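The two complexes that follow have subunit A in common; it is paired with subunit B in the first and with subunit C in the second.
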Partner chain A sequence: MSRKPFQSLTLFLLLAPAILWLGLLIVLPHLEILVLSVSERVAPRVYTFGFGNYLEFFTEPLYWRTFARTAIMSILVTAITLVLAFPIALYIARVAQGRLKAMLLLLCLLPFWVSELVRTLGWMILLRETGVISYMLRAVGLAQQPVELLYNDGAVILGLVYGGLLFMIVPLANALESLEPSVVEAGFDLGGSRWTVLRRIVIPHAMPGIVAGSIIVFMLTVGNFATPVLLGGKNGLWFTEQIYAQFITRFNWPQGAAFGMLLLMLSSAIVWAGLRLTGQSLGSTLKQA
Partner chain B sequence: MAQSSDLDLVNVIKRFGAYAAVNDVSFSVASGEFFSILGPSGCGKTTLMRMIAGFEHPTSGDIRIRGKSMIGVPANKRPVNMVFQSLALFPMMSVGENVAYGLACRGVPRAEAEERANRMLERVGLKGFGDRRVTALSGGQRQRVAIARCLVLEPTLVLLDEPLGALDLKLREHMKIELKQLQATFNTTFVYITHDQSEALVMSDRIAVMNQGRFEQVGSPRELYHDPATPFVASFVGETNRWQGEAAPGPNGAISVRLPSGTVVQGQGRVTDKASLAFVRPEAIALAQDPSSLSNLPNRFEGRVSAVLFDGANSSLLIDTAGFDQPVRAVLPQAGPLAGIKVGAPIHVGWTADAMKVFAA
Partner chain C sequence: MNRPSLSWKLYIAAFYIFLFAPLLVVAIFAFDASPFPSPPWRGFTLEWFVGSGETFGKPGVLVDPIWIDTILNSFKVAIPVALLAVVIGTVNAWVLERAEFPGKTFLSMMMLWPLVIPGVVLGISILAFFSRVANGLEDWLQTDLDVLRPGLPLVVLGQLSFILTISTLIIAARLRKFDRSLEEAAFDLGASRVRVLRTVTLPFLSPALIGAGLVALLMSFENFNTTLMLVGSEAPLPITMYGQMREGASPAINAVSLLLMLGVGGIASVFALTSKSER
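Up next, the complex of A and B:
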């Protein structure tokens, strides 16, 4: 019995870094933001409780339109990333062997060696009016004038998909790797076509990986700031830009805090809906990620 | 081409680089037959089966099912279904969905597929299991689902790749009988692959013994056991005593084999070389405490019991016998007067010339 307090102290000390991490960096700021978001400024340095900041969001069309646009484009980006990543992950997990497999995963990882900002600037060098692609189109005679490929939705989606690809490939490849080869063979042996085997055996088996990858990519995309700003320019209209503007440009912290809370609710709601739709539990999904 | 044969392999060769995994194999399986391919691991039997199923393609030769060549026909278009070694049930589907999968692939409407799957489950003794998860089944039940999944498609041929390997002994013994009964009720042609000679002997109508990519002998279990064609078959199928020696023509058309110690034993066989191998089944060796009862046997020796291997009805004795470099193994009848024999007891052994098969080494 005398060991009991000592043991619980050890446990507490071991948990302390995690508790401090969660408490100071996640829970506390969010509580602060929550409190901020429900305070209204009535006079300089005088605040009262109220939902005015949230009301502002619904009455000003720019805000909720940007919000909806961010949500829809993020879902689109996640879907495109999934479709692109699936064959790559299938190849890495089921076809490639030994060194080739390690090489391919390394190739996926390589772009992440440089910062997101530099990577995005790389896309700008390729896509801008005086950039590489525009020059090449003119060189082969497909275009007479310089072509501006930046500052549109396509460029934003391209950049976001590029940034999310790795985070989709890794959980997918993990999930696909555990599929027994003989199960796939049995699928063919019993008369299944390639499509049937993919639809009824491979995809259901990879579901936890698909959901895990989609959640990660969706979260990263919704909360992304640099890519929509740099590749989308004024047309980027990402909700994070609104938050940035409230906090930094307008110095309206309560309004920014309300937007932050709304974004958090949005991503939580969509992740929840995604889990419900695919019939996956958060636990089995986290195991794959 | 006889109409009654379901499967014909004609000079099938499969090479991986310079190595021939299957080397010029030809055989036919009649309709409704239980045919086993028996061989040690690495003998090429799995490659052979994968070629019949359509997962590997022969380097040369032809595979015909009911007279139709299967060369170039993909696995999902062949009237062949396979029970995998790991069973390979679909864990993402329920038991019923597993069985209905093949029907759905053929475009059978959902309701009908479900009904046929349920009927098949009933026939294999799994009535009411349709909604269970595959992972919630016992080993024997999973086995039955794997077989039901094939049989529901009414294939010409069912291939079984050592499906009993993962089961424990008791269940394996039980499943052997059950498989044989299932095959008889459905009257489907089974091709069964195993390294376990007891599985092959118990269940099969005919067995092919395979070694290093070739068939050593094809015959009924009885033929293989009592009349092996090669030394490999003699030593691989069933228990046996095996001695090396030099052969020479003996009395009464028999062959005399002189063991390295100088002892001479009498056997039967066609031997051209001098170096030879002699085989005697343990149950062919007569045991006696009194040498006079063995006096009519050409091979008679005196020895001492070095070990009693008690295993119920399969009990046997190891007998140190002068002139033999290894102890002679003999079946010990548990109902006879020798049932209580102890290690160290003197004993007389003997066998007929017919019981000993002699082969060129």
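Up next, the complex of A and C:
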């Protein structure tokens, strides 16, 4: 069998790019920040092992408060996105037919092909003190003074919800697509109200889509940088900004690496908890999306 | 549920207005004859695209070296990213769909992993790791290794780390649909391995290859989080836009955004056409 060594050589060559990619760009870099995060600087270019960077996180209120704020606001953003997206997904999947359906879905996709920065710029022009909404409010007489709608938590939440909508609508619509109309009709025939049918039949059926969408929106929100910084200004206070500040502005890499590990843990923990609570697996969830 | 109520329809309409309002104002104020993109409307101008800078103190974006350089930088990153994403993605797809070896399930799980890592964390981890490698190699070789320092080559690597997952998934999905008997027929007719690949398999895959390339191009052009951590002195478009947006508003940023929207719209429609012919 002279083919055997030839085949294993071919397999090795085919596997090489994947191993180089995952090894050099994912696994080793993450080991590097793990090691960095548990090293403390004792003198210039001299480091020892220790948990000082994590201790610093828990003792400096700005750090852990920003972290908690990022987590809580991200959960809030995910919930709002779900509530706003559900009627749209239901309409696209169950009501709209043929060309209207295709067009509604395409119109949803379009804004998300455009850069996040362009979308944020649009919100800045709308919400600014001298912006479009403030101008319109004055024009119809609802406000006498220019109204500043930018640089507050509401603006940050608005921008993040806007950025997450598509990633919620698509998995939801996919999940709702497979719902049998006869099952819904049976629910009505048995005397169920609109609300009962929605709660007992439609929502349970959409659960895989709800989980997939929520996980994706949460991950994107927690890891976002530009939207909270630009729409929140000084009040943005997002955890990714702290990582950037430690790495790029202060050049304190071990501290930044510890923050990076914490962000990674937060995002993984919420994804894991979401999957556990609803009994889904990561593979099937990503397939939904 | 088949008869939507009026309030539901109104909600749908309001939703689509909400969706397009920000993009619309960006596009409209790119033509505003004012140094600041805000109402009231001060007249139509193309100054922000092709102006010489005499009227507003800033030249139009199509003649301003700042914007031209930054767009060129974006291409310097996006083109290698797209090419590598297609080539390596094809090899990966082949491994996932055709090869059998121990640990394959583990490898396919690992390939999905980059999608659940926040972009900022990908950026800092690659920055830190390659700095260590550069430090080690420079001490050993006694030369400068600027390639591994923040700059466009590092941005290419950083973007590839997660774009490869996407391109692999797109190409693998197409390869899964391939009818192996077509290849066998070609072998039976006496074709060599290379010839079968060139005349049977690759033509079948080509819509997915083009699609994966375009998606990679778009994702590279628009990536902000990972890129921000890895840029040096030469900044791609999103980084320059971010810097200018923090400095203050100017319709020049709107003009660049509108060009970006048109470019992205063009690429997206090519992608939509190729994926339609796939079915």
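The criterion applied here is as follows: the second predicted complex is superposed on the first by the 264 of 289 C-alpha atoms of A that agree within 3 Å, B and C clash if a C-alpha of one lies under 4 Å from a C-alpha of the other, contacts with A are read in each partner's own complex, and residues count from 1 in each chain.
Here is the rule we use: a residue touches a chain if its C-beta (ideal position, glycine included) is under 8 Å from a C-beta of that chain, and two chains touch if they have at least 3 such contacts.
Computed from a predicted structure; not experimentally measured.
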Of the partners subunit B and subunit C, which touch A:V42 in the superposed model: first, second, both, neither? neither
Answer with first, second, both or neither: which of subunit B and subunit C does A:L55 touch in the superposed model? neither
Touching A:A186, do we find subunit B (first), subunit C (second), both, or neither? first
Is A:A273 contacted by the first partner subunit B, the second partner subunit C, both or neither? neither
Touch check for A:R200: first (subunit B), second (subunit C), both, or neither? first
Going by the contact rule set out at the top, does A:L14 touch subunit B (first), subunit C (second), both, or neither? second
Between subunit B (first) and subunit C (second), which does A:L117 come into contact with in this model arrangement: first, second, both, or neither? second
Mind telling me which of the two, subunit B or subunit C, contacts the most residues of subunit A? C
Overlap of subunit B and subunit C contacts on subunit A, residues none
Please give the residue numbers of subunit A that touch subunit C in the complex, ascending. 11, 14-15, 17-18, 21-22, 24-26, 28-30, 32-33, 36, 84, 87-88, 91, 94-95, 104, 107-108, 110-111, 113-126, 128, 130-132, 135, 162, 165, 181, 184, 194, 197, 219, 222-226, 230, 240, 243-244, 247-248, 253, 256-257, 260, 263-264, 267-268, 271, 282-283, 286
Listed in rising order, subunit C residues that touch subunit A in their complex are 1-2, 4, 8, 11-12, 15-16, 18-26, 29, 36-40, 88, 91-92, 94-95, 99, 101, 107, 109-122, 124-130, 132, 157-158, 160-161, 164, 218, 221-222, 224-225, 228-229, 238, 241-242, 245-246, 249, 253-254, 257, 260-261, 264-265, 268
Touching residues of subunit B toward subunit A in the complex: what are they? 53-55, 74-77, 80-82, 84-86, 88-93, 101-102, 104-106, 149-150, 153
In their shared complex, at which residues does subunit A touch subunit B? 180, 182-183, 185-193, 196, 200-201, 204-205
